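I have placed the structure first, in the form of structure tokens, so that the comments after it can refer back to it.
Each chain gets a letter, A, B, C, D and E, in the order it is written, and its residues are counted from 1.
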Amino acid sequence: ATLDDVKARGKLECGVNTGLVGFAAPDANGRWEGFDAAYCRAVAAAVLGDPDAVEFVPLTTKTRFTALAAAEVDVLSRNTTWTFSRDVDLKFEFVGVNYYDGQGFMAPKNLGVSSAKELDGATVCIQTGTTTELNLADFFRANNISYEPVPIETNAEGQTQYLAGACDVYTTDASGLAATRATFEDPSAHVILPEIISKEPLGPLVRHGDPEWGDIARWTLNALIAAEELGVTSANIEELAAGSDNPEINRLLGTEGNLGEMLGLEADWAKNAIMAGGNYGEIFAKTIGESTPIGLARGLNAQWKDGGILYVPPFR
Amino acid sequence: MNDLSFVRTEMLPERDPPPSTTGVIGWLRKNMFDGVWNTLLTIASIGLIVWVLGHILPWIWSPTWNAGSLDQCREIVGASGKASGACWGVIHERWPQMLYGFYPAELRLRPTLAFFLLFIALIPVLFNMISRRMNWFLLALVLFVATFFTASSALMIVVQIVLAAAVLYIGYTLVANSGSDRAEQIAAGARRLPNPLIFTALYVFLMPWLLWGGTIWTPVGAALGFVIGWLVFRLLAPVLGTLTAIILAFAAPVLWWLLLNGLFASAMHAILPFGLEPVESRQFGGLLLSVTIGVTAIAVSLPMGIVLALGRQSDLVIVKSLSVIFIEFIRGVPLITLLFVASVLLNIFLPPGTDFDIILRVIIMATVFASAYMAEVIRGGLAALPKGQYEAADALGLDYWKAQRLIIMPQALKISIPGIVSTFIGLFKDTTLVSIIGLLDPVGLSNSIRADTNWNGIVWELYGFIALLFFIFTFSMSRYSMYLERRLRTDHR
Amino acid sequence: MTTLTDPPKESFRLSMLIYDSRYRSMTIQIVALIAVLTLIGWLISNTAQNLADLGKQPSFSFLGESAGYDINQRLIDYENQDSHLRAAFVGLLNTLLVAFMGCIAATLVGVFVGVLRLSNNWVVARLMTIYVEMFRNVPVLLWIILVMAILIETLPAPRAFRGETPEASMMLGDSVAFTNRGFYVPEPLFSRGIGDVHLFGEAALRFDVSLDLIAVVATFIAGLLISGLITRRADRIQAATGDRPRTWHWKAAVIVIPTVAVLAILGFYLGKPELQGFNFAGGTHMRNSLIALWLALSLYTAAFIAEIVRAGILAISKGQTEAAAALGLRQRRIMSLVVLPQALRVIIPPLISQYLNLTKNSSLAIAVGYMDITGTLMGITLNQTGRELETILIGMLIYLTISLTISFVMNLYNDAVKLRER
Amino acid sequence: MSAMEIEREVNRSQMQVSDKVAIEIKDMNKWYGSFHVLRDVNLTVYEGERIVIAGPSGSGKSTLIRCINRLEEHQSGQIVVDGTELSSDLKNVDKVRSEVGMVFQHFNLFPHLTILENCTLAPIWVRKIPRKEAEETAMHFLEKVKIPEQANKYPGQLSGGQQQRVAIARSLCMKPRIMLFDEPTSALDPEMIKEVLDTMIELAEEGMTMLVVTHEMGFAQQVANRVIFMDAGQIVEQNEPTEFFNNPQSERTKLFLSQIL
Amino acid sequence: MSAMEIEREVNRSQMQVSDKVAIEIKDMNKWYGSFHVLRDVNLTVYEGERIVIAGPSGSGKSTLIRCINRLEEHQSGQIVVDGTELSSDLKNVDKVRSEVGMVFQHFNLFPHLTILENCTLAPIWVRKIPRKEAEETAMHFLEKVKIPEQANKYPGQLSGGQQQRVAIARSLCMKPRIMLFDEPTSALDPEMIKEVLDTMIELAEEGMTMLVVTHEMGFAQQVANRVIFMDAGQIVEQNEPTEFFNNPQSERTKLFLSQIL
């Protein structure tokens, strides 16, 4: 089973993007940083107790599924949209959603468009090998307008083309649009159009057929989200782990009950996972949140209590 | 016809040519301003050069070396009052990554050492005019220098002293003995230094160990495989005949490597633990990755190429057609498709459960790719050998394998060296394609670096730097292969 | 001492399999064959096993399913509801297009540079050397990316053509626009056209052929043939009288006049690109990805071709030129009668292998998003359907077919021009 | 030098020398870069003369005759061939070249053309002679050099001696008035030398003006009416052959002859 | 053919011919494709015989002697060398080859090995003689061919004549009982021919069985005890040399001798 493999190996192999601003990119010391990378660390911390026991495997859109299927990676945390066919036909198991996204458009202000429906005849930059190009084709077909696609391999490439005016609009997941716009010399000269033409629930996934491992991946993600909901942060976690009044926190942090044992992990698995990079909110704020250059608002990704749709099953 | 007779009494002295044909002016006239058309061409060319440089140089000259992000660069450039300028900070921050990828910083001495040792290992193969002494001297020197980059310990100091002594001694003999002295010494029966090819053979095992680390016993075991093969051949050839012995001599080491070497290595390691910290191939990146793929693939493809070339030359129909099919198939498809195979299909072709990492798989496909080209290069070398060499070998009673080993291959390989070098250059350049399947070679890394919020939006500096890296490598190699070609042409030995 | 009585008829012994040259080769071959077959069998059984584990059955039916994605640069009509097979076909045509254009451009540039490298103008020769070294020593992938970046960064965007005082303007009488989205050039149109023929009905490989274009091209080729006849006649006249009549005006006339006439009859006019909405409309649009790939491949390959051409010309010994000059032949005739026919023999074989390389390198199109066969079949189709094995196999076979065709032609040529020796 | 027995008796008187000037070289100088190859060369060749040029290697013999049909340019002085002065005027050069035939040491046949095509190429393209006629002429000369049967082979299929004879025939097809030979036999095997020299002797008998750079002193003695000895880029001595060989004047000539004979 | 003066007197009686058969060829036929090169060749060579094979070019001389050590395969008939029949049995072939030395027209020395290594290669790898011993033998034979001082040079540094002598020494190092020579002197300059012929004469004096394809009729007259004349793939005439040269029987032989002498 995957869990045994990982434990034997002492390292978690985690598939990430070869480079996507805010989500996964190596820094000057070769340390992978970003929203997706943080999830990998959390899983490693949960399973092995060490957030740095991760081997990051950069994958392209083409290689990501084969790498997962061939067990080259234990978990794929690479802004992958959860779709029916990927789950069912390609035989993967999505363990949840860590980012609710949707495909949008960005255009320069001076292009003078305020809605995607006005884009008849426009040149559109899209990243290939993802669901975006199919969404795009569907959207334009449905609205009966024409467009010219410019397929590009990487986000960096798309950004260059868009800025130079080689395409009128740039379409990708709204998070990506915001991230990209944030790094422009003059972000205010570009607008993100109101239409979100697709649902893009991004989440980590594992192989079919190993439900125990799937549970670990799923509940690690849930633990991060629940921690935020319950107010467990990396700052107060030591204190709370000593015991608190809230039984759910106690169960989560392993001071009560035997959730960890059920998963085949240590009792403090969730504590380790949260300590690796903080709870969901902390990770979000640190990597892509409003205080970072990327500046994404929580939006849909806020807790259900705060008007978002993050809603995790209870820990009991 | 006596009027025809003429005798010069005084020889004419040599005179200088008319001034307009010599000196700088003569040269300029002849080479740049010879006629209207040429003059126009010269002016146009100079204009082009000035125009290009005029655009590029100011951009390159930009005091942004210490900038920490693109925004800082923009500020610095803006402050200096220029419209645009390069942002060199990214190179400053990332060049170690571009060279070594994710190789642990404290271990980078190892690949560097492997790289320099590579040259020393190649010297006896490529430059046979450098003396043995010089070769050993360089080896000792490189090792000596390397010791200064390691943590000092008592053992290290002893090693340093020994190496320093070796450097001094060989260096002294190098300076003190001229070539003719040497000849006398040899005649007098003085001991010669061992053949540096020994080191070349060792290097084959040393290099993977330096790069990947791990216990020393794995490469030792691998080397043992060859010894086993040789022993099998020596012992069985008289009993079973050459052909059977050769087949067995190939099979035995393969069995050893596949089945027993792991056991051997772990057993020995348990008894005598000695090794380097292991580094996973996933941590290879940048230029190190390109060089590793290129060098390994070429080195391994050489024997495969020889076998394929012999197969293609053979008059055994089946062997020949198998070789031809393989060679033509590989040469007929683009490398990128082979890399796709490596990245998405190879695991499907291998027994369920085998999982070797993507870099090894890429090396395998690159080797397969290179071996087809290598086979053609070696076939060229074989074809350049006069038929008489084969006949003479036959007439002396050498069998096919001996003739190949002693007569044909040494010559054919020597003729092929320039071809091998250019195959290597081609492969080395082609290693950039691995970026397409997500490996972080310099090109792949440039995308990752641009995904860093600090450097998002940088284009030219990264590509320019990568282009320069490759240019330096391949240009020097291609010059070198041209030099070899010239030397081989005049080399009548 | 053996005397030559009847030699004892040897019966077959097992050792003869190894020591008898008649059997030995068979032994080796059978061993080799068995080894290879075992290897192949092993691979196939592994594959079957692995696919079964993954729950996939090799099947090509995905080719008939609707592709769902769009392709911007295409030679034949295609829309996202067409099948994957058709998308692959579009990609294949795109591969062939860029390979064809690349070979032509690379040859032109290569010959030009190769000849100029031999120029006695020092500056020019050096400049060409720099060009060759620069392009040969940097990976072609990097060149493709760089050329794309240069196109995007240096050429104006279509919006620069807009407004009262546009920053950029069209060229050649407002008929050509160089933008960073590609080049917009006029498109040939016919007002009294005779329509298209549809080939292959509704099959995935269907395509339209414009009868107008066929008519024009046919007329043009007929013109070429007639001008060939004129050359023949000139040869005959020269053979008979010694004087070679001047023929170029006749040739020009028979090529140009009928073609122009046909064009006029068909009501030929150029559809100029015009700025409309976001983009230029009308005209033919060559996408920047196509241009970048084309330029980078041609310039890269041209550096190699230049070396081949130079070597070819240098391979013709100076003695040949001198002998021809001493016979009184003029420079131009020396080139056309003595140097070129010989140099071509040396040049063509390596030239063709450069064409092969260029074609194979065109698979790097994905780096700039040009939708060739690698981008469609082995790219998006693979990603959308998850059929790695099938798509990559088909892709490799297609490249193999192209390569083998080219080298087959090359071998025919080589055999045809081999110098006869003693 | 392997001594050549030339059996045939050549009737020297039969070969006439007119007093019309064929080539006149006056104070000609040539440099390669700054190396002074030819120094103040003065030479008058009359029609029908057969001149042998000898001298040590590097003395400028080849350069001299290559200047005569301007395969090399001279930098000062005058060369007048058949009334036409060689200058940078291309027309003059063309005119001279079509009057002067040249045979090279390494034959320089065109390997991609048959023997016949080699011979008819220049007549057709330079002299504008109808192909049929050119072929007839070519066959005539090929017969003269005794290899008409090889006409449709390619140069690569012939032996060295045959190739050199083709080269002579090829030059002759242009009906030149002057023939230059630059060591025509030195790349040949001994057996083949004879074939070629025989051909040259025959030509000489017919009164062709010839300048021959050669080391075949037997040929010089038998055929030449003047021997020119060059050294260090200058004409050191020239004389009628018997005088030249039996009674050389200059020290250098003596030294040279002592080595070569 | 340039006539060679062979000065040394060879004592013919000194060279003994035994009545043991060294090579026996019976009704041997060979085809190249469909071209019948050798037709019904019958030949018996006794130990110690020195046979010269002559004949026009293309008559199959080389092919015949190459069949004897199976550099070429024959298609019918028998060849028995030193008691071993040449068949497809590789062991026999190996055995024969180690008994028969061969010297080629173009020497075929191994350019990447020194002279000494050239000579010791086969003894070490085929005869499995220790290197030291092999080197001693090699030096012995190099002395015999008078170039011991060149032992550590490479073939490319030697003149043609020296190279051919090395080739002979290399063959001798295998201590063969029969030596085959295929035009050993025809690629050499005249001066060098003598060196090589001298060496061969010396060998002959020692009683080595030799088959020599050559055009050096002087050598044949002096050394051979039998001359074989071949034409069109068959043996046309064979005789003792004086008879052969003075009194040829067949028309073809006469014609051939008239051309070559």
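In this text, a residue touches a chain if its C-beta (ideal position, glycine included) is under 8 Å from a C-beta of that chain, and two chains touch if they have at least 3 such contacts.
Here's who's who by UniProt: B, C = Amino acid ABC transporter permease; D, E = Arginine ABC transporter ATP-binding protein.
As the structure is a prediction and not an experimental result, all values here were calculated from the model.
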Item to check | Where chain D and chain E overlap in contact partners, by chain label | outcome: B, C
Checklist entry - Taking each chain's centre as the mean of its Cα atoms, which chain lies farthest from chain E? => result A
Checklist entry - Measuring between mean CA coordinates, which chain is farthest from chain B? => result D
Next on the checklist: If I average the Cα coordinates per chain and compare with the overall Cα mean, which chain comes out closest?
Outcome noted: B
Checklist entry - How far is the middle of chain B from the middle of chain E, if each middle is the mean of its Cα atoms, in Å? => result 47
Checklist entry - With chain centres defined as C-alpha means, what is the inter-centre distance between chain A and chain E in Å? => result 84
Checklist outcome for this item: CA centroids of chain B and chain C: separation to the nearest Å works out as 31
Checklist entry - Distance from the CA centroid of chain B to that of chain D, rounded to the nearest Å? => result 54
Item to check | Multi-partner residues of chain A (each touching 2 or more other chains) | outcome: 62, 66, 153, 157, 160
Next on the checklist: Touching at least two other chains at once: which residues of chain E meet that condition?
Outcome noted: none
Checklist entry - Touching two or more other chains, which residues of chain B qualify? => result 340, 344, 347-348, 436, 459
Next on the checklist: Which residues of chain D touch chain B once you look at their complex with the stated criterion?
Outcome noted: 17, 29, 31, 33-36, 39-40, 75-76, 225-226, 231-240, 243, 249-250
Checklist entry - Touching chain D in the complex: which residues of chain C? => result 238-244, 317, 319-320, 322-330, 333, 337-338, 341-342, 345, 419-422
Item to check | chain E partner contacts - residues on chain C that touch it in the complex | outcome: 1-4, 7, 16, 19-22, 24
Checklist entry - Where on chain A does chain B make contact in their complex? => result 17-22, 24-30, 55, 57-60, 62-63, 66-67, 70-72, 153-157, 159-160, 163, 180, 182-185, 292-294
Next on the checklist: Under the definition above, what is the set of chain B residues touching chain D in their complex?
Outcome noted: 1-2, 4-9, 11-12, 14-18, 21-22
